[in-house]
Every structure is written in structure tokens, then in C-alpha cells.
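You will see subunit A twice below: alongside subunit B first, and alongside subunit C after that.
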Partner chain A sequence: MARMPREQWYDIARDLDWELSYVDHEAVFPEWHSGQGKIPREAWARWDESYKISYPEYVATQREKEAGAYSVKAALQKSKVFDQLDEGWKSVAKEHFGATAAIEDMAVYAELRMARFGLSPAWRNMAMFGALDETRHAQIGLQFAHELVGKDPQYDWANKAYQTNEWGIIAARATFDGMMMTPNVVDTAVQLPFTFETGFSNVQFVALAADALESGDINFANMISSIQTDEARHAQQGGPTLEILMEHDPRRAQWIVDKTFWTSARLFAILTGPGMDYYTPVEMRKQSYKEFMQEWIAEQFLDQIRDYGLKRPWYWDEFIAGLDTWHHSLHLGVWYWRPTVWWKPQGGVSPEEREWLNEKYPNWEKQFGWMWDVIIENINSGRMEQTLPETLPWLCSLCHLPVGTAASPNNDKYPVRSYPLKHNGHTYHFCSRTCRQIWWEDKDTLHDPTVIERLLAGEIQPPTVEGILAWMGLTPDVMGDDAYGYRWAKAYVPAAAAAS
Partner chain B sequence: MTDVMPERPARRLKTWSSLGKLRRLPSEYEIVTHGMNYTTRTGRFAALESNPTTPTNMWFLTYRDHSPLRAEDWSGFRDPDELTYRKYVTIQDEQETVVEGILDEYGPLAHDQSLEPEWIEFLSTVFTPTRFPAHALQMSTAYMAQMAPSSYITNCALFAGADLLRRVSLVAYRTRQLNDATSGVAGIGVREREVWQAHEAWQPARQMLEYLLVAYDWGECFTAMNLVVRPSLDSVLLTQAAELAHAGHDELTWLLLSNLAADWARVERWSTGLARHAIEQRGENREVMLHWIDRWAPRADAAVSSLAGLLAAVPGGPDQGEVVANAVAARDRVIAAAGITG
Partner chain C sequence: MNRPVGPILRMSDDVDAIVAAIIEDNPDKDITVTDRGAYTRVSGPGELRLTRASIARQLGRDYEMRELQGLMSAFAGRIDMTSEEVRWHLGSPATISSSKSTLEEPS
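So, the complex of A and B:
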């Protein structure tokens, strides 16, 4: 005999609210944790998840998934697949592990916050499953990365990255803390599961799995695909929350979605852009970052928000224009400041790769080609010191990415410049008008000094390059270097010179 | 920066550098659990990368970092069961298979229809309403998990929270079955909220659990819930109710409650281990926990004493004083195993 169908008892398992008598409702659900705002309390009774699952179903399904993912891993353990992987692709994986393992874990805390402070019991139960899912994602990533620690210490950063002050990690912490931990749980549900997971990470995982498979990294593809199958379930917490918020406070909903999409897009430009357009071997690239973002992120996002009655964010044109520039600027920056990252950025501008870039981005040569020519000239003339920085770039007070990377040279509309703002006698700098505007609205929460401001305030000692790298947690064996050992630049040596 | 590049000494790591110089290979449990909560990182200004005076940063500062329960090294604590996600879903899927077997064996209708009206009354008063207190505990456990100062502690509490969702689900399932078997006559599946909110015998327990929801200091939340509230309450609602069911030939309820008690036994193992770790780290923590135990024990006693009356009212049921004594003894065992007394 099988169990009774879920529908017959499921509603009892989520009918769990009662009238508190011994403590105040506001004490159990403090406003800034629970985020009730203008929403009447009774509205939460309507919260209904579309993808229903019971505890016994959950553990059965997940046990099977875990067994599947780990058996593929075990089968590949003795194979030589890893040793044959392209260095550029390995950097995609290293960057991914470092940037995501602890964030998946932080998402556990965000889910736990919703499981405690969510205003509907159905939501609180779903968040409990969400917390389990995110634990799985953190643990599976760590387990897979740990296998490789013995081969390459850069994989150590899967565990270490978020314990450090590496500049990219500070940017990621600022964005994710602002999305998952600082806001009340209503805003968190709209920011994390709705805007970020449904809008970005879910689709990114599909693309990343495809690229991994194409690059021959079966293990990574297996892990990512297995993770992705959980996303749809816990990402659904955003929808019902947004629906209720739209009904009672559409202005708040629009603002939360708008600012989260922007900060996510800025972070994505560094987390995903260079990997897709520079690190992944050119013959294995399926789509350019811009094509991917247009097709999978931008269009789907607009459809999705339209369904909920939201408007297109005010900065939309700037975001779309940024698909031609942001990640190229950030890639150039990451490659130039390569000792400050825990992976090996692949230059990705050999003549064949450059041809691909020019085909996908007709303005690439005009905007970025000439700067790479200077770098190539320096490499080929043996002036390596000139390909490495002696200073740090100014960073944006909102996204914490270098000022100038929401722009490009020779670009009339979005030139390389700072967007300053004077407030309380201090001048803050931003990479874009949009970052500046978001900061202004949320300044009480977001006020967080950048690495440069910390340096100038004397918090980083000694204030030398070595001191800064040590403060960022980078040890010499982990500091990034060119993935191919600069050999891609050799193709630019004139034939006569090469022969002599 | 140019000077830094040439130095690239080879270093062969055996495991995460954050584990330090381990003289052994780390377990899978340690590999996937160690050092994950970055809000506790050293050298930070605040838990989160935002203004240190935001409500969340102040909350972490007040209720976690400034908790009277403090230790130099929380990450030295280990779950005696070494639960990972993979292990958790595996063992709980096995337990759910056991539950399914039990539900199959006692074909729902025939079994439930054979129950005496007095026992049905007992189930509808003491068993089916437990989805509410179990959910309150689920919320408090989720809270403790998010506030814990180490990922090793968070994961223990996270799985304990999921266990409580398991309990709510099983109680809901049985509520529906009992409702079908009794055609709703006994009020099963209908009056649970009313029982929880208005039945005199439940009020001290409800008061205690509502207070627990606002016990925001993480150390107090842990001590109150896992060393006082749950050992006391679950002694009555799981252990002693199961024995009563067994004596009254309701084998189904006996087996299901016994199965749920195994989840609590696991929580008890890590909770006593965590308390011992806290005391090893800092002797004063014993007094700190004792202070909270003194605050919460009278509440637990009141809750248990009141509910014990319901067990005693069942024909052939135990003496009320005996139920209370058993619950107090169960709690005292936990507190002693935690190294706080005895």
C-alpha cells in the first residue's frame, strides 16, 4: 500500500498559525526582520507555493540525486580528465568555486531567516526545504573542489575566499549581504529567489553546465546540473511573496526588483562575463556573454516582471549598452590586476580569439583592442613589469568594482569617469549614475568603505602592494597569473623578428 | 606588485588551509562543514558588508557576538553524528521508509476504527494538536541555526529544524487519517487550533513556546530549547505518550512516536556535546547555562505538569506525578550529560 496522496493532507501541514497570547506579534515578527510594511497581516494567508513537496518526497528525491551526483564523481576519480582540461576553463571553475560555495552557504542563512520570520507558515516550511537545498549546494561544491586542492592550491579558495578581504569578494559580499541578510525577509524573497535565482543563477547554471560539458569537464557539468534541478523549487518562494507585495505596495516591489537586478548584473559581469568570452576556449564557446544575457537574462526577466505588473527598470538602456562594455572592461582589469585574484585569467586575445570578439562585439577593437595592443607589445618586448600594476584602481562605493568598468574608452555615452557624490562632507565615487542613485536611496544601509577608502584610512598595514595582497589573503602560490603563460601574445611577433 | 610575481613557491595542500595542520585526513563531514559562516570571520568590522549600525549587524552583535555564552573557538565543536546533507537525506529517507512500512502494516481505517472513543479523545487533545508546538520549535530551531557562531553548530540545528518539519508532516498525515476514520465526529482535523489556543492543559506549554520565540540571544535559545524545553516536553509528548499508546494497544501511535523520538535523541547527542564544548572552552559558560536553566525549568515544569493531567486522565493511564517526575528526570539526564550538573 502506498501513502495517501499528498493533496489529502498537505494543507494541514501548512495550516500552522495561531493567535499569539503571551507575547506581542511584533515581538515575534519584528518589522525590520519580517517586513510587513503596508501589507495587512491577513494577506499572508494567500501565500501559496506552486511547486509542492512533502518531507518524505523531499528526502527520497534528494537522496537519489545525491547518489547520482556522487557516483559520477566516483567513476571519474581515477580518470585523467582533469589533467587534460584547458587552463582557461579551469579558471572558470576556480572562480566559480571560490565565488559561490560560501554564498550558497550564506543562502542557507537567508532561507533560515525566512523559515523563522516569514509571515506565512507555508512559506516558512518552503524555506526550510530551501535551507536544506542550499546546504546541499554548498556541500557538493566544497566536496568537488576539495578533490582538486592537492593538484592546485587555488582550489583552496572554495573554502577560503569569503573569509578574506580580496577585493572581488568584498564586492560579492556587499551585493549578497545586501540581497540576503540585511533586508527584511519580504525584500529578501523578492531579491534572492525572485530576482537573483530565477533571473540570474538558475539560467547561468544551465549555460555553465553546457560550457563545462563542451570543455570536457564532465565532473563539473554533472555537479552544476544536479544543483540546478533544486533551484526551481526554492526559487519559487519569490513569486507568491511578490504577488502579495504588488497588491499592497507596488512601489516598494518595483524598487527592490530594480536595484537587485542592477547590482546582480554588475556582479555577473565579472563572475560570468570573462569566463564566457575570454577563459573558455574559443572553439567551445556556444554563445557570447552578450548573446546569453540578451536571450536568457534580459528577455526572460522582462517577461517575468511584466507578468507581475512591474515596469521596465529606469536604467534599462544603460544596462543593455553595458553588455558591450562592462565585462570587457572588467576582464581587462582582472587580467591586469591578476595577482589579486585566486585564479589564472586567460588573456583571450590571440588573433583567432580577437576575430571572434570583433565578430560578436563590432566596437571591441575601437574600445579595447588598442589597450591590448599595448599589453601585447610589452609582453613581446619583455617589459613584463609594465603589464603589472603598481597601484589600485578607485572603486565604486556601491558595487565595489573598479570605477570605469561600467564604461569603456572611446565611448561617448558611457565614458570612463567617476560619478561623484558629496554627502556629509565626504566625496563618494561611483562607476555609474545608477549605482550612485541606489546608494543615495539606501545610504544608511549600504555605507561600507571600499578597499581604497580602507587603505587611505590606514586600515591596511603596511600600505604597500605586498601589504595589500597580504591583507587580501593572497599567498604567492595562489596569486593569479596568465593562464597560458603569455604564449598567446607570441602570434603578434612580426615574422621577421620571430625568425631572428 | 611586479616584485611579487616571480615568487611562486610550490605548495602541496592535503586539505583546506583553514583546517590548519591536521595530523590526519579530514572527514567528508569536516570538508563540507568547516569555516563556512563568513559573518564570523576574523578582523571584520561587522558581521555583514554593510553599515555596522544596520539592524541586522546590530542584531548579530547583540544576540550572537555579545551573548553571555562565549568561546574562543566554536569551530572546534563537532557533531557526534557527523551529519552532512548527503547523510541526512539518506538516513531520513530510510526512516520515512520505516514509517511507510508502519503505516502500511496498520491499515489506516481498520486500525483507527478499532480505537476506543476515550483514546480518540486523547489523540485529538494530546497528539494531533502537536503540529502547532512542533512548528513553534521548528521556527526557534531555524532561528538558532541562523544565529549560531559556527557552521558546525548551524548545520546541526538546520537538520534538527528539518526533523521538526518531518514531525509536523507526519502529525498532519495522521490527523487526516484519523479524521477519515472517525468521520470527523471526534473533532480530529478540525479542533486542533482551538485545543492549542484554548485548552487549559496546553496553555503553560504554549506560553513557554511563545516565550521561546522571543528568546533572541542565541545561547539562551539553545540552552532553553535543547536542554530544558525539548527534553521536558518531548518526554511527555513523545516518550510517555508512546508508552501510553503501547499499553492501550494503539501500536501505530506507539511506533510512530518512537520513530520521531529517534530524531530528538540525535539532537540530544549534539546538544549535550555542544554544551560540554562550551564549558571546556570557558568554565564560566557552565554558570551562564545554569542561569538560563533556572529561568526556563519552572516554565517547563508548569507545561509538563499541566499536560501530565491529560495522560493521567486516560483510563489505565499513569499517575500525574509520575509523568512529571519522568519528564524532570529526562531533563536532568540531559543537563547532567551536558556537564552542567552532577
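So, the complex of A and C:
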């Protein structure tokens, strides 16, 4: 029997809705969840997703995607591919698993909130597919990492990281809580599917796949790029929601995009930047982090913002300047505080790697090279205690990343300093004017004490590095150390000294 | 390229045929293909289309349009998808300027 083409029946079927008569509309769609704001209720009738799919098509396609991902894993399981992967590259994967697997689970709830409280039946229908997608992503991330736990306990943090108070995870949790859990669903649709999933997650799940494949991690490249095919579809919830919001409340739309873009950019500077520019073996790097960000964000996402009539965020020049510095500052910090992470940061400053950094970032030597020279000198002189932390850096009250990492030393325009704010008798510190501005506007929903504030409040006992590490859940078998055992620094030992 | 649109395709046996089909379906467009190994970015100015018939012809087998979803990791522009055709395009043209923070700066 010939089947009717989807487009002949789909719009009617997915628009199933009803007039409420036993309860008030507000009782079913409370404002704090549904986020109608200035948008009249009838405006939602024209919500129309352009990337359509029926349930039978969804099931058939997802089955093929799963078969494709798991068959590659099964084939490679019997090979020696994993054992031959570079230790620096493995840390890219470990950081990814820990930072994303449980977030995907949180995204299930964000999608389900849109499926329940979205004011258009078409939107609610698409969000259900989104919830199924995110369930798949949480499961596949946990499953692929779980298989490697026997070889390396750091992979266990795919499951564990979000259950801890590790500082990087607190930064990620604060960012994603502000995007997925605390906003109403209109704001969530503009933050998560529109700004994050059509912008930033492409860098982590598609661009990073290019480095993964080049590094020989076929399994990882196959998995993350498969995940992103789901995101490309359900991310389309953002566009129609944004169009309606732009028509009735463009100021709110602009603010939501602006703040989400900034907090995502700060997080990616630690989640993605060091992996691409330091951990991935230099000969395997397809492009630099800055080049990938220019391709996917500064060009593609900016075109998208423009297409919906939005303006460029007010801090755009600072964001672009930050592509030269933020992730370098954060890499320096992560490497120095390496016992506080669940992966092994690759120093990545051997003479060859340094040449690559200076080629991609002409100011790198002036801003960061001299500090690495001090570290190299300490390593090669056996003064390892001077390369390790004795306390913690001050953290930004919005992004939870160290104050000073939205800047770099010897940088006149964005110097290393705090941007303080006194509020209700307490002084908060921020890494940048923009973090301070966003916190000020959203302080009721975004405020979460930093690790430093908790330390000073006496929540962490004993208040020593050992006490802090234990509080973060880091045990000696998973604490980070240099991925190459410091051998990259040996190239700086003068030939005569090396021979003696 | 001014305002490029188009798909980003993940590694797959079908990528070459799909790129050929896009070129076939857009004879008047200047199309750029960027191969980064794990993904291939196909870009054209303003609007690109891709038909099921062209993909089937290039692959030499029947093709369901939904199969494209398995290898399209992302796309630039907006998308319209029917059982016979996909179209990547832009909405209304706009000029870009900077948003001004009209918010009260905390002191």
C-alpha cells in the first residue's frame, strides 16, 4: 500500500491541541514555566519547525545511527587502537566525557520541560524527540567511557564528575543550570537549542571530531559526530521560538542570546580550547581553537544571529580578542592546578609546539611564553614543588573560572585584574565586566557560591590543598598529572647539561 | 562568500555522492566544498537545494530523504525538508550592528 507523503498529513497530526475548560490556562501553563511574557497567546499558533520528522522516520533513522556507532565500537574493541592513542589526546576525550555525559542527562529534563510547558503543540511534539535524543546522548557517552574504565580509572569520571564539587564541573553546572534548569521554557529554547546547540556544541561535537579522527580515535570521532546529527534536528526548536519572541519582545530575545553566548564562550575556553591547542598532538591538529571558533562561531553563528534580526552582542570585540588569550590563560591554570582535574593535561610547550603556538597566536610568546619558561626551568632543575599549587586562585562569581583568565599578562586592553561589585554588604569578584553585568541582571537565578567563597566560609575542612582535593572528590588514582611525564620540557635542557 | 548556507556532513560512504548531487541540483551556484576529514562543509551563497532524485541517481540506489539526517551533523542557514527535497536558505536579509548594553552598569 502506498504511503501518504509526510508533508500531506504531518501539520494536522502534530497540531493536536485542545481548549481547556475544567482548569484555567494559567494553571496548566504557569508563567514561571511557560514564559509567555509579552507574547500574546494566539501568536504561538504560527510556531512552525522547518526540520520535520515523523515518529516512524525518527525510529528508523535513530536505529541506523545507533547501529553505526556501536558497530564501530565493537569492531575497534578487539583492536589495539586505544592502546596506541596519544596520552594527550586521551585527555581530550576524558575531559569531554566527564563534562558532557551527565549534562546530556540534564538536557533530557530541559527538553521534557519544553515538551510539557511549550505553548505550541508543534513545539511540544518536537521537544519529545529532543528528550529521546538527549537520552541517547547520555547513554552513549556513559557507555563508551565505561568500557575504558578498566584501562584507566579517569574514564570513570564520565559518570562521577557531575556528582562532585570539582571546580571545573561547578563552572559547567552553573552555566548549564542557567541554560536548562532555571529559565522558563521560552528562554530555554533561545538559550539551549538556538544559542548553544546551533552554535557552541558544533565546536565540541563536529569540529573536535576532525582532531579526533586525525589522532586515530575513530570511535570517539564517530560517536560525537553521530550525536550532533540529533542536535542539528532538535536544535530547530530555537528558531521558531526566537522568531515569535523577536516580534513581540526583541529586547528580551537579544538579552537571552547575549548572556548565553558569553557564558558558553567562557566555558568553551576551558572545555575545548586547551584540548585543541595543547593536548592534541601538534601534527594531528586540523586547525587551532581560534580558527575553529572563527569558522563555527564568528562566521556561521554570527550569520545566524543576523538572519533572525538580532544584533551582535555588545561585548563582541572583547570576545574576539579573547580567542587569542582566554584558553591560553586557562590552560596555564589547569596545568598548574593539575591535581584538581580528572584528566592529564599535556603541557604542550615543547619547542615544536611553541613554534606552532607562535604561528597561530603571534602574541603568545609575549603574553605566556615567559611564564612557561619559569615552569620549564623549575621542571628541569628538579624543583617540582614550585610547579604545583599551595592554594586556589580567586574564582569569578558568574563563570566560576579563575579571575584573570578573561585576560592575559602584558595585555594593555584586557589586563589581569578583578572586576568587583559590592552588593548587600558583600564584595563579589568577576573575571570581566561582562560576567559582572550578567550576574547583576540575573543574580536571583544564577548565584552560586564559588569554591573560594565556600573555602573562606569554612565549608572545606581542612582548608589545605589535600582537604580541597578530598572535598572535590579527587582520589590519588585519578588526580591529574602531566600527560607526558614532563618529557616535553627536556628539550630545553642545554645539550652539554643533558649529556653530563 | 557572502552569507553562505549548506550542510556539514559527517564521515560516510555517501558523502561524495551527496556533494555531487548538491552540485547537480544547483547548477548556477558557486559551491565551496571544505573537507576536514571527519566533516565536509558544503557552502553556497544564499540558498542551496538537494533533491532525493539527484541523490538516488548519484548513489545508484533508491534513497529516502530521512537518511540524510544520519550524516548531517550541522548546517548553516535555515532548513526546509520534505520527502523529496531539502532546502537551506536564509530568512529576511538584515544588516548587523552591535547590541548596546542599555542595562544599568553596576557601580
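Following the convention adopted for this analysis, the second predicted complex is superposed on the first by the 497 of 500 C-alpha atoms of A that agree within 3 Å, B and C clash if a C-alpha of one lies under 4 Å from a C-alpha of the other, contacts with A are read in each partner's own complex, and residues count from 1 in each chain.
The criterion applied here is as follows: contacts are C-beta pairs under 8 Å (C-beta built on N, C-alpha and C of every residue); 3 or more make two chains touch, one makes a residue touch a chain.
Predicted, not measured: the structure shown is a model, and the values here were computed from it.
In the superposed model, A:Pro339 lies in contact with subunit B only, and not with subunit C.
Of the two partner chains placed by the overlay, only subunit B lies in contact with A:Met479; subunit C stays clear of it.
With both structures placed on the common chain, the touch criterion links A:Phe194 to neither subunit B nor subunit C. Between subunit B and subunit C, it is B that contacts the larger number of residues in subunit A. In the superposed model, A:Gln300 makes contact with subunit C only, not with subunit B.
After overlaying the two complexes on the shared chain, residue contacts for A:Trp356 are found with neither subunit B nor subunit C.
In the superposition on chain A, contact is made by A:Gln143 with subunit B only, not with subunit C. By the document's definition of touching, both partners, subunit B and subunit C, reach A:Ala60. By the touch criterion defined above, A:Phe268 lies against neither subunit B nor subunit C after alignment on the C-alpha atoms of chain A.
Residues 60 of subunit A are contacted both by subunit B in one complex and by subunit C in the other.
Residues 1-5, 7-18, 28, 31-39, 41-43, 47-51, 54-57, 84-86, 88-90, 92-93, 96, 99-100, 103-104, 107-108, 131-132, 135, 138-140, 142-143, 145-146, 151, 154-155, 158, 161-162, 165-166, 168-170, 172-173, 175-177, 189, 193, 196-197, 206-207, 210-211, 213-214 of subunit B are the ones touching subunit A in the complex. Of all residues in subunit C, only 3-4, 8, 10-11, 36-39, 66-67, 69-84, 90-92, 94-106 touch subunit A in the complex they form. The residues of subunit A lying in touch with subunit C in their complex are 5-7, 50-53, 57, 60-61, 64-65, 68, 198, 202, 205-207, 209-210, 212-214, 221-222, 225-226, 228-229, 231-233, 236, 239, 243, 251, 254, 258, 286-287, 300, 302-316, 421, 423, 436-437, 440-441.
Taken together, the subunit A residues at the contact with subunit B in this complex read 1-4, 8-10, 12-13, 15-16, 18-23, 27-28, 32-33, 54-56, 58-60, 62-63, 66, 70, 101-102, 105-106, 108-109, 112-113, 115-116, 121, 124-125, 127-129, 131-132, 135-136, 138-140, 142-143, 146, 149-150, 153, 156, 159-160, 162-163, 165, 170, 173-174, 177-178, 181-182, 339, 384-385, 388-390, 444-448, 465-466, 469, 475-477, 479, 481.
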